[in-house]
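Please go over the structures that come below.
Two complexes follow with chain A in common, the first pairing it with chain B and the second with chain C.
Presenting the complex of A and B:
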């Protein structure tokens, strides 16, 4: 399956919800520590033996840490930039008119962005300034700011079955569940003993959520009884950077880690690790599963490569 | 943009899980979703606060119903950059806002995991460099906290940067102080303090830089631990790390140390000792120094004659 070489270190990859052959890759120069960033939009060929081509790329003055596709406009992407801004790009417009918006309210790096897949008119940004912000495309400022975390918020993700609910994962070792209509968080899960770097909701059960942590484990929780996790997935040998539930199979999830591997899990069986992919030669920090093509996985990492492959095949085989 | 794709327009294809219908069953602890747009829903709930900027002081004052598993470290960039004012007051601001030690010190997470093994190296980074920090009388940086973890020796570096900047500040007040009398018609309008502002920006960049590094290390504690362990093992394997280091320091101070004594003249045939004509000179020197007391070179010559 195809590979794409990015000039900078990969940070995040997302499949378009509109086009099965389109992905966006967020990258940052010098491992995201210092320098510029670039947002790539890539097109997969229908023939897997052909290389991935670049549709367009946008440069930014600081690293791009995350990207999310609009659920309402097929050509719009939202980038989370390390200078604290959230930028909107419209691929349909000429490069000179992009970005079409740049929201600058966060006072520190923005580490994640997530578009509401249910109501499709808003998105979240999570930042190292400890806050999560809610934005709509039609307003010049954020609609609301959620500030309760005591340390960097690494990820904020909408519940895919509930338009008003989202979760945030933070370095203060808690996962918080929020309802945008409530003034404070509705649930606090002290989920790990170390920082939580990522979280994601199960697509088939609105009460199930997974957290990935520096303690190398992934935990799966039921928010109805969150004292004890449903499942603890061990297998990564370093901090787990991202976790994502499959859009197609209820119990399947994928994760990537600082141990440079991408793992696929079935959290309901005892031997939870389904497969491990060791194709990255540096930290694997971005992973996604296609909503439109079952089993299609994309990953990116600090080895400046973006891979797209079918689950069960070798990502390096071309 | 791409007219030949399967769907364009305002809605993506239905998600696989939407086709599957609801499966979570009763008991979901969420209020039923509201209708309308997100901004309307939020405004109707009375929680909207458009465009709120959260500064670090705000954040500290915010209600925190947290159930934290461990004390949270202060962030490296919490240095009151935003609201620094010119003049003496700024220094007070710096001093009071830097509370690094609370988090890591009491948390003990790093300290315990790196403790013994890294003691020596930690001392190298920590103790010397930061012990005399003018801002931290207590020497919180030094041996105790960051010293033992080693990795925050690196973290500490940005503080030395800050120190420089604050020193710069003090000087900056001088030139501007006298000249800028707003009522003096002969003075040009006060020009922006270009150099110091740009200096500030540079320092902000430095703080950002180390802030990001420290976050990365935060996110990847074990990898760093492994790296440091490997480095130490490497040094340890040569077995000479600390001895050589001590000798190097002594040499810097002008103290001559003992290994000079093995500097012998070679024997008459280039073979200092009999019986081992083909072995390297080094080995012989060392063995000779051990067996023969100093000043006994006559014996060596004597040995040679007995050959």
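Presenting the complex of A and C:
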């Protein structure tokens, strides 16, 4: 059965870049408003009819809002915690020595974390304190703080090709593109009229980026010609919480929304909505696509369930 | 650290001393409940009507125990010293409460039989099974609570044990709920979101004035001021009266049997009770009017708005959302923290209603005065009225709708109106909030108008201010000469003079459009071309140019329209383009038609050009490059074609090739601004920012109006770490830029 029950409300789910059967799920108690958090590492069985098993779980004093896998060590995960801390866990070490790092610099909730897929030695955290911070595992403090946004930063994502370029999505209604070698942002995209909750780069064209907003739409942009979006995807009936490009198909992307659905889109065709999955019974807030298995999608939501399924099949089918 | 941290929780609390001494309230609640769950269970089993089994499965369709991971769904917080301390508090404060609660339920049960207007059997009382995990307890608790209230059944849950919220916890709730509310209620106004959050906070007894994360700074700055202003002046009188009326009517609906209502009223207060209470309440002071109840009523009114919002979404999934129920319950005041004790307040039972009604009287000093006057006018003395009511009731027996109707029509409406008048006169300072609402509307209208303006400004040609060619005997010829010489900006002026003189001259507009396109100004190019198309709807060159310009602006549907039009009006290919297709154009159809055309006449360079443009639209750059290369074999002297090839190569990440193509274009036409700018882009794409800056500056020196090029220049300057020149870029100081970045 490709479903796992978490005690708390799901916030984020990520596939391991090293093991095709491993996922990490970030959860928070009481819808993340108040209470503890827990980070789960789960193993999918090679036989899809067998249940998902838990490898290990780490408890935190506040909700875990996001998680990202290390691109250099197969056993390391980074957790974005609502108390403003960023914590590193090493699954290979005994529970008593975890977390191996706890960086506490953000003054507000950390809403996302993203590991650099090109340099593989650093990661970003985006926080409600309006900043993005750049970290490496070996330094006790952040390498840099990017402070330009005027409101919560909900997500910061590395470009898949350029090691120094990342984008940040903020509640100040802008998307900013940054080059860590530069002092300030290199581009400001007033992408939506409402808060932007998520962004992601296309994995095949490093100039294409998607933004997901509270205005219920997803927009796809070419950063070289940013006055008009390439495509506007409408179909969600509430704020779009997360957007993610497929690692395997150039024009495919997946999104999840407060309307409790997970949608798959092809942004280059007229009828962009490819599939709609209505398996969650609460806000769907976390979604990911496997790099190692084409078409494998994972999602989680405030119904305390994490699903893993093959695109085109019913997530609830056992 | 782990366990201790887990229990103490709330490390985000700004005041470390506060958090270390406090416990995570929900965790401790859980602790307490788990710690004493056996006791609770026993107690529950003694309650005959309580449903202590299978509540969970009622709410979760799938059996939880079979879900992988549900085995972890066990108490993760072990009772340690803090837990047991809490437990003690729980035993003294909470567990004892069960007995009282049970008594309460018993009492209410008997009342229920009396008031149940629909004559149904007394509903089974839902008593949640207070076992399981912390989350489950709270959730099940609230869930069953809402469930029962939905059916119109008053529900008196067991009071939850102490939930001490530290300042840090309150701040968390305040901040996080504000931010989340903005995501969920995005299409509501900021005012509404504010109201929601305030309702939630006030029911949790959290000071909403300490603003955590305010609204978005850019969008709502004006609104914020309005809001603060109105908050400063507003006394929540209007809310209260609205709340009262809607509450009254709501109750009336629920207990639609007036007999029952009257019964209960009489029972509670006696026939004359109301009168004496009314008189008593008249004595209450203005101080009371501003008292706590006001904010509670206001909060409940806001909650009704929330409930309406939720009800608006017909999706059953939404109606069943635990989260939305959680939020709405909190904001409905069903979960009240009083003296640091969580109290679940039931929906007002009939008796409650009467006392609430009475309570509300306490605030209406002015209102009560009005009522007195009213009485004087109508000449009905309260005692008489009450007597009349009593006698009439005896006469009419069951049918007391009349009385209720009369009551509601005569009194409530009058009061409400008069109260409204008062408000209108500014007695309550309400006018300021009206102003606020008006100003907000105006703001919205303005925004809408501005958007309309910006939409309509697309496609409107903007003429230059001072044009030396106005009055020229033959500006078209002059313009054509200038264009041929490559003096594009001059040619633009001459051609503008031409189309001012003869606005129906399609050729003048067309050349003007091309001059703008070559000058790297697609907006103006599109505007000019649209005028050309108006003058001559079938001009092929115009249609092609419009298709290309819209492609550059990534406006696919517009581009397809014109490219299809080109085919339609072409003498050779018109036959293969069915006119009915123009209603709904799809990329694949148009591309197919052009491929057919290319098969028909493989030596028509224009068809290959359009194919190249189409493949750019679909981002099939390899095919686009092949199409342009084929066209260039037929038209090697077409500089704009070289430029198109270069742009396509650049898009397909072949920037080095692109520079060669641009160079070809510039060799053919040295003043081709667009090619210079594109050259800059290609260098920038290769990371050669210094080079790219020089090309942008060159392009801008020829046409300072090329907006895109300014943007690109800025990016390249910052990438080249030449922030010292950003100022020159922003102030458009071309002299300085040219001196700093000469092109060798």
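Remarks
The criterion applied here is as follows: the second predicted complex is superposed on the first by the 317 of 318 C-alpha atoms of A that agree within 3 Å, B and C clash if a C-alpha of one lies under 4 Å from a C-alpha of the other, contacts with A are read in each partner's own complex, and residues count from 1 in each chain.
Basically, a residue touches a chain if its C-beta (ideal position, glycine included) is under 8 Å from a C-beta of that chain, and two chains touch if they have at least 3 such contacts.
These numbers were taken from a predicted model, which means no experiment stands behind them.
In this superposed model built on chain A, chain B and chain C take up the same space, so to speak, and clash.
Judged by the touch definition given at the top, the superposed model places A:51 against chain C, while chain B stays out of reach. Once the two complexes are overlaid on the shared chain, A:230 sits against chain C while remaining clear of chain B. Once chain A of one complex is fitted onto chain A of the other, the partner contacts of A:278 are limited to chain C, with no touch recorded for chain B. Touch criterion met: A:270 reaches chain C, while chain B stays clear of it.
Of the two partner chains placed by the overlay, only chain C lies in contact with A:61; chain B stays clear of it.
In the superposed model, A:5 makes contact with chain C only, not with chain B. In the superposition on chain A, A:302 makes contact with chain C only, while chain B stays out of contact range.
Residues 31-34, 82, 108-109, 128, 150-152, 171-173, 179, 181-184, 186-187, 193-195, 197, 205, 214, 216, 224, 237-239, 241, 258, 283 of chain A touch chain B in one complex and chain C in the other. Of all the residues in chain A, the ones that touch chain B in their complex are 17-20, 22, 31-34, 71-75, 82, 91-92, 105, 107-109, 116-122, 128-131, 134, 136, 138-145, 147-152, 159-165, 171-174, 179-188, 190, 192-195, 197, 203-208, 214, 216, 223-224, 237-239, 241, 247-248, 250, 258, 283, 291-292, 294. Chain C contributes residues 2, 5-6, 8-12, 24-27, 64, 67-70, 72-73, 76, 133-135, 138, 169, 172-173, 175-177, 179-180, 182-184, 186, 213, 216-219, 313, 315, 317-318, 320-323, 326, 552-555, 586-587, 618-619, 651, 681, 715, 718-719, 721, 723 to its touches with chain A in the complex. Those residues of chain B lying in contact with chain A across their complex are 1-2, 5-13, 15-17, 20, 22-24, 27-31, 33-34, 37-39, 41-45, 47-56, 58-59, 62-70, 72-73, 75, 77, 82, 109, 205, 209, 212-213, 215-216, 218-223. The part of chain A that touches chain C in the complex is made up of residues 1, 3-9, 29-36, 38, 40, 42, 51-54, 57, 59-62, 82-85, 108-109, 128, 150-152, 171-173, 179, 181-184, 186-187, 193-195, 197, 205, 214-216, 222, 224-225, 227-230, 237-239, 241, 258-260, 268, 270, 278, 281-283, 302-306.
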